[in-house]
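Inspection log for the structure reproduced underneath, given as structure tokens.
Residue numbering begins at 1 within each chain, and the chains themselves are lettered A, B, C and D in the order written.
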Amino acid sequence: MSVRAIAHHIAGYEFARATKEKAMPMFEPLNPNYEEQLRQGFASQSVMETIGAYLLNVAPGQVEIGLDFSADLTQQHGYLHAGIVTAIVDSACGFAAYSLMPPGSGVLTVEYKVNLLAPARGEKFIATGRVIKPGRTLTVCAGEVYAIEGEARRQIALMQATMIRLADKEA
Amino acid sequence: MSVRAIAHHIAGYEFARATKEKAMPMFEPLNPNYEEQLRQGFASQSVMETIGAYLLNVAPGQVEIGLDFSADLTQQHGYLHAGIVTAIVDSACGFAAYSLMPPGSGVLTVEYKVNLLAPARGEKFIATGRVIKPGRTLTVCAGEVYAIEGEARRQIALMQATMIRLADKEA
Amino acid sequence: MSVRAIAHHIAGYEFARATKEKAMPMFEPLNPNYEEQLRQGFASQSVMETIGAYLLNVAPGQVEIGLDFSADLTQQHGYLHAGIVTAIVDSACGFAAYSLMPPGSGVLTVEYKVNLLAPARGEKFIATGRVIKPGRTLTVCAGEVYAIEGEARRQIALMQATMIRLADKEA
Amino acid sequence: MSVRAIAHHIAGYEFARATKEKAMPMFEPLNPNYEEQLRQGFASQSVMETIGAYLLNVAPGQVEIGLDFSADLTQQHGYLHAGIVTAIVDSACGFAAYSLMPPGSGVLTVEYKVNLLAPARGEKFIATGRVIKPGRTLTVCAGEVYAIEGEARRQIALMQATMIRLADKEA
């Protein structure tokens, strides 16, 4: 099979797999109580209550957080401040990483990179965090933030993040 | 409809759309000759010939580049050096951005972030660049690199990049 | 002069210059009223008041923002949430970029990368934003965040950011 | 002492320290043979010989690598390809991290972010890697690349990188 044929074969296989994974993550949680402990961890992030963020969906390796627009969270043009956009997608990625960690683990953010794709203008915002590669020590995640106005929605941010597991900690 | 219901509705919609986009990109090229000019641009990147990289697939907003392993491109553990992994995925993302630009455009990399997910060990490597958000000035792309050994494949790198359009330039 | 001799010469020169620049930035502002307009811009970022952040020092190409610890801004371990750390250093970098832009400019964050170097534990936090390379369209900045406890201080975050100039806007 | 007074005091202290550190790094190596082993590690990165890169200066927590321009390493506009710029500054940062690790350590790049500040046009290029925060597992580094033309020099790239220590490995 020629290099190009292999490449086409693999590329096709890749799209199929990526597609399937996005529709339904195929990760197996190591912690049977991950969801309960994840929800406790989210509830203990007081900043989430301060800004009005709430946990939406939780699945192994994937977490969604919602936030309603508030004029108290804006930058100089009246859009949601980049730091607040980052706060919800960082938590979504951090808890997505946590969802695949063994019992007794804690999670901390090592670093992230965020592209702000469009002004953060909307009635509601939804941040999604997905695990790209889980690891014993480090987990790499991808995050997206969407702004919702009526029936319209558009992506406003893209994150790539590295999370680290802490042993003998909670959430 | 409650916030959570909206969120579920939107999340489902999102997965559907992301899935569709990944399987078949839905971008319309502005330059009818983008593919020919993109292939000329790739051919004029002498570093690609120097390292032995070749263009595989080209589609509007998506480009794939292949590279065969060579001991001349390794770091101290015998894996492909991160700079070479970055070179092929940067070119894949840059040309993916170029494919959606109007005639007479040139493209330069503003910045990128790369996570190295696993040692770059394999017989062949395939880098994919995809446009996440095209823009008049800036285009944001996502890139992936896969290592191939026989029938096995695994992702070794993830890139998030910002490209800038130059007016009145070629490729 | 041999390559190595040139390199030593240049490296020495570099350290000297970097040192001088850090001690006293050498940028010339293009906007005579930059400081007044920058302070207005900061005052109009309602999120800064919400989290209790305040403007400390302003110089051409350099801005410092302070924040006192508050239990309302913490993550699950009681440290300042990464999104809040990011919010103050993003504003410091954005306004540092703004300080070198011509009159009538506005600034938006294109993207940033943040490394969280240590738990954000302290009584106060100081974020510094510095312009590394100003540009007509894009400005690249570096940011640092320090935690202060009594007389002790330590760096808790490092940022590298890209800012974009908007014409005919304010701050 | 008022918050602002403390801030000024700390800011001044910071500039002083940063300055001193840049002029003469104050890190103590844990490995008495770090320089010899670092030079062996660099010599075993065959890609460095392939592209013509050479080790310039080595100090605890700081490494400089040089590269002469070659038309074989260029992108479509005749400038050094971003991947090659990244290769030398990634190695500079990786070996800078290695210089502070205990005997028997190896180093791998976890991730990096690179801003390309200006076209990579010049006769020679010098990449500097500096440790910002050493750690038992992770080390955060900052890197810069300079282009040299005759007596002129300018910064063309800025990197922020995370390196990981491997136990019981070499370089």
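Throughout what follows, a residue touches a chain if its C-beta (ideal position, glycine included) is under 8 Å from a C-beta of that chain, and two chains touch if they have at least 3 such contacts.
Owing to the predicted nature of the structure, the values given are computational and were not obtained by experimental measurement.
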| item | value |
| --- | --- |
| Where chain B and chain C overlap in contact partners, by chain label | A, D |
| Farthest chain relative to chain A (centres taken as mean CA coordinates) | D |
| Approximate Å spacing (C-alpha centroids) for the pair chain A, chain D | 31 |
| Between chain B and chain D, centroid-to-centroid distance (C-alpha), Å | 26 |
| Interchain centroid distance [CA atoms averaged], chain C/chain D, Å | 22 |
| Overlap residues in chain D, where contacts from two or more other chains coincide | 110-111, 113, 115, 140, 162 |
| In the complex, chain D residues that touch chain C | 3-4, 6-8, 10-11, 13-16, 18-19, 22-23, 54, 56-57, 64, 66, 68, 113, 115, 117-118, 124, 126, 128, 132-133, 140, 142, 146, 148, 153, 155, 158, 160, 162 |
| Partner chain A, residues of chain C touching it in the complex | 41-42, 44-47, 50, 71-77, 81-84, 86-88, 90-91, 106, 108-116, 119, 169-171 |
| Chain D contact footprint on chain A (complex, rising order) | 110-111, 113, 137-138, 140, 162, 164 |
